[in-house]
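If you scroll down you'll find the structure; I have some questions about it.
For reference, chains read A, B, C and D in written order, and residue numbers begin at 1 within each chain.
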Amino acid sequence: MANKSLMAVRELRTTFHVKRGRKTYALKAVDNVSFDLQKGEILGFVGETGCGKTTVGRSLIGLSKAEAGDVRYGGVNILALPERQLREVRLNVRMVFQDPYASLNPRRSIGDSVAEAGDIHKLFATAAERSRQISETLESVGLDPSFADRFPHELSGGQRQRVGIARAILPVPDIIIADEPVSALDVSIQAQVLNLLLDLQKGLGLTILFISHDLSVVGQISDRIAVMYLGQIVEIAEAEQLYQSPLHPYTRALIDAVPKPDPKIKISDGLAIGEPPSRLEPPPGCSFANRCPLVHDVCRQRAPVLKDLAAGRKAACHALDEVTK
Amino acid sequence: MLSVQDLTVSVITGEQPLDITRAVSFDIGPGEILGVVGESGCGKSMTSLAIMGLLPSKQIAVQSGRVLLDGSDITHLTPDQRVDVGLSGVSMIFQEPMTSLNPVMRVGAQIMEALRVHDRENGRDPFARTRELLDLVHIPDAALQMNAYPHELSGGMRQRIMIAIALACNPKILVADEPTTALDVTVQSQILNLIRELRDELSMSVLFITHDLGVVAQLADRVCVMYAGQVVETADVTQLFENPVHPYTHGLFSCLPDPGRRAEPLKPIPGQAPLLIDIPPGCAFAPRCADVTEICRSGTLPWESHSSGHQARCHHPRTGGRGNGQ
Amino acid sequence: MDLLSSWLVPFLKHRLSLCGLVVLIGVILAALLAPVITPYDPLAMDPIGRLQTPNMAHWFGTDHFGRDTLSRVIYGARLALLIGTGVVGFAMATGVPIGVLSVLFPRVGNVLMRLVDLMMAFPALLLALGLIVILGQGVTNAILAIGVVYLTTTARITYSVALRLKAETFVEAGRSMGANTWWLATRHIIPNLVSPLLVQASFVFAFAQLGAASLDFLGLGAPPDIPSWGNMLAESRRYITRAPWLLFFPGAMIVLTAFSLNLVGDALRDRLDPRFRDELANKGKP
Amino acid sequence: MLLNFFTSYAMRRTGAAAVTMAAASVIIFAFIHLIPGDPTYVLLGDGATPEQAEALSKKMGLDRPIVVQYFTWAVNVLQGDLGKSLFFQAPVLEIIADGAETSLLLAGITMVWVVLIGIPIGMLSATRQGTAVDQTASGLAMLFASVPTFWVGLYLILIFAAWLGWLPSSGYPSIFEEDGLYNLRYLLLPSLALAAPNAALILRLTRASMLDVARQDYVRTARAKGIRPWQVTTRHIFRNALLAVVAAFGFTLAGLISEAVVTETVFSLPGIGRLVVQSILRRDYPVIQGVILIIVMLYLTINLGVDLINRYLDPRVELE
């Protein structure tokens, strides 16, 4: 925990305006989210569909426009930067996308795609320098340099995602925001890509924000994990801690719901009944109240705040005392 | 109950038919849940569609082998032909509950449509029966939800409706093709429990297709592992999870992220699954296998028994349990 | 990727569209070589040899002034190509920038696309006729009038395809690396517009033929002394009972050209990304 | 709840159509001013006396700002005063009304052909995809989509009127004249000529959207239920495919109006289409202006109707 904070996010809020018939709803995709990204760590963001984890990642570099909040990076608030300077930041905070096919332009060669960031920011002095760097980067993600002349449709899913990663590390950035980078891949390929990400992170000293709906994947790769539910972080902790003693009832439900590859451990579904409430008209109080096994009256009236517990450990729940007992 | 024997499904292209599945065989007993697990393109979905008589186009057909339901051959019958000859009894649910329901038809009507075909003789009121089915799959306010359109329901609810439709066909066997892959994990556990509960209550068999070993462990009684169109290993679920013998099954286990053992790095299977057009002779897994020898690269593979009901298609089966990943 | 061969594949696979391509090339050659291959001067009259049925000297017969129909049909190909090229050129040169700019700059785009929608409230031929009234008759004005009609459809299609492209992850990826609008437009959006627009161009070309023929037929297109297929039909109309073949040849040429263009367009469309296929199917025809 | 969504949608959509109509009216108003020459003489013809010009100028307020002129004109239009024809020396609205019966009947009968030919053959073609039936139907459809209506019309006249003498070649007396409904035979050939390209379009559309729907997952679900293939086609495929076809009717209508202009000329039908062509040749600008106004209004109204019907048939709520 002695690491220094590379990026500090405070009270981030991103709202989408959704029109349904005559009414316009303000959908708070991300609501009051704060966390620190420490240098050299992998911070996992986990949650189910529509919990806002992807929007957090996109808001950090302005791909989704944040409504409020402060993202401190390199001494400035990125959210307040003018477009031109924001583009410079984007060279140092890069993204890896979920769908490796959709994220590559079908009409551009792999080499062009890999060199895109460098080309945009005019970083290659000569054409020879450019192709040397492309080759090196392709090799570092485990692809033959000859791939530079190929096109996305000639590659397999795993190869495409390697290209997606190669593109994010030429030139080497400070931070990578990896948005569900392995969800579209088969198990055996997924493991290859996860190992690649870990190798690169160690080798290049990267800091990674790893977003995924898959708790096992996040748990495998992350140093710390933030659990999101309906736009808010409900718990944040070191990976081991989170698994061994989850504090928030939702975290517990999520961990318990993951089918274990062991026929002797059967899951039960008593922990998170039903489905999430409407995002457009959320109920007052805690957003998990309608599914929570520990629900109290207060939960339906007042939303809990994220409380500092043990070192580096936070959770937002009215019933924390009961859980820790 | 259901017996699949040497089923080969092929794409008929210009020159030579390409085999999507190659001599797939398995049996499902009454009340049994058989899990079929494998990665994308291994032929598991095509097998399920072939069992249903729902192969997607004229270019894809069963080349050889048969599907027997209670001893009767249903291989080349579409579902409506099966109704005609009185051999219906296989229902199916699909991966995408959103696109699998007709968007402009009320869900109640979609259930009743199946009842009109399969529940005529019973003389039950289809309306009341639909409500019963909705109760059975735990949909609250059944009377109200009957009038809903699919887009008004959540993903989990839609999959419950799909299950209700399947049940309306009075199935002896439910074929489930990745029914929880599109769902959130907390909803997935509810659907898995529902399927198990229905199996117990209605004593039907289930063929459950998935890519997720965790789901298989939760639900299945027996497991088939498929690779490149073939069943490479089949065993009782505990047997398979404790004592896998095929190197591919071992590989799958060592790819699984396990937050409980973060310190150990994953041991991925190198390379990637072969494309349909260049499946190597001999063992299809040979190019990725750590134990490969010359014998693997040609000829036919043995289908050896390792204990009762545990068979694998391999020259060099590994023994000694899951830890023995080499 | 070999661009040329990838475009040729659909034609080799589908014999009918290959025929279309061959016919088109034939029409283009006929137009280019018209002075060389025509047996007679298309304007030369022969009062004695009026309304001849097709014979060895005049394969397609002669019209009411005794002019050789074959020669006139061949010269008609010139005007057909001129109009087609002109209309496609005009529609692309105006519609594509409008569509692309509207996507890149949504504020301006909203206004521009509203205007395009407004133009689309006028049925195609009516819009063209109105413009002819304002501009006056003539070949150039016919091209302009029909061009404006297809400006709207081209702008609409460009807009909707570019809008989808803008939402593609690869554009997003470019943006996430700090690309500016210019970069996204030139490297990602425009290169991916080429194929759908090529398809659109072949349809516009086909409909321009039919539109121009209609204008000529109504006497509001090319001046009557120019041998265009539409004019030939308009003039021969009175002789339909006496000399039905006179109408056959120019009409058949219009059909053949438009049909071939449609075949080619369809073949090109079939190899397109399915996401853009629907766009063209629904909006390609006004 | 659905009805509420629908009403609100209908209101918004109608409002939007009204705005479009208002904007289109500005263009149509400007039309007269865009024609080279003094608008007074454009409207009155070159033979007008200075007194007449003076009077009209005063009525239109030509000395006042153009915005005021527009509103004066718009108010007149709303009261049914579309000006006076130069050629007939009669109110434009009356002249248009004279042609309305012919044109509306022609359009109506054509639409019947389009639906009766296009949709069933399109369905047949889709259900027999790849067979000789399908290839013939699709080929013919594309051929007819490439045929000028007037050419078809001329040959129809040649065959059925000149050679066989079964049907009249031109003109149309009203159904309110002697012979009554029997007079509709005058519209048989024109409506067939007009229907050819439009039916071809709808055929292709029906086929394409049937094939598209047939690929959907819910059709597979329907088959899995064991219902008959024809029931799958009628209940699941056709109904969904029809939504796309209905949505495209607006486009068809625009094409139909355009081609009606030519068809009416070929068959010398006393309709609005021929009126507009003749008025252009006669430089009868007030009539041209009036006809364009009425047609655009009609077109927008029908498009609005098609939109609302489609929206009503499709229960999915649009998420913007």
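To be clear about the criterion, a contact is a pair of C-beta atoms (placed from the backbone, for glycine too) under 8 Å apart; a residue touches a chain by one contact, two chains touch by 3 or more.
Everything numeric here is computed off the predicted structure, so don't read it as measured data.
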Trace the shortest chain of touching neighbours from chain B to chain D and give its length in steps. 1
Of all chains present, which has the mean Cα position farthest from that of chain A? D
Taking contacts as defined above, which has more of them, A-B or A-C? A-B
When the centre of a chain is set as the mean of its C-alpha atoms, what distance in Å lies between chain A and chain B? 32
Averaged-CA centre spacing for the pair chain D and chain A, given as whole angstrom: 53
Distance from the CA centroid of chain A to that of chain C, rounded to the nearest Å? 50
Chain-centre distance (mean CA atoms) for chain C and chain D, in whole Å, is 22
Quick check: what residues of chain B touch more than one other chain, meaning two or more? none
Touching at least two other chains at once: which residues of chain D meet that condition? 317
Note which residues of chain A are touching chain B in the complex, please. 48-49, 156, 158-159, 186-192, 194-195, 198, 213-221, 239-240, 243, 253-254, 256-269, 271-273, 275, 291
For a test of understanding, state which residues of chain C touch chain A in their complex under the given definition. 1, 168-170, 172-180, 183, 187-188, 191-192, 273
Residue numbers of chain C touching chain D in their complex, please. 16, 117-118, 121-126, 129-130, 132-134, 136, 206, 210, 213-214, 217-220, 233, 237, 240-241, 244, 247, 251, 254-255, 258-259, 261-263, 266, 278, 281-282, 285-286
Can you list the chain B residues touching chain A in their complex? 39-40, 154-157, 184-190, 192-193, 211-218, 220, 237-238, 241, 251-260, 262, 265-270, 272-273
In their complex, what parts of chain D are in touch with chain C? 20-21, 23-24, 27, 31, 34-36, 139, 142-143, 145-148, 150-151, 154-155, 157-158, 162, 201, 205, 208, 212, 244, 247-248, 251, 254-255, 257-259, 261-262, 265, 276-277, 280-281, 285, 288, 292, 295-296, 299-300
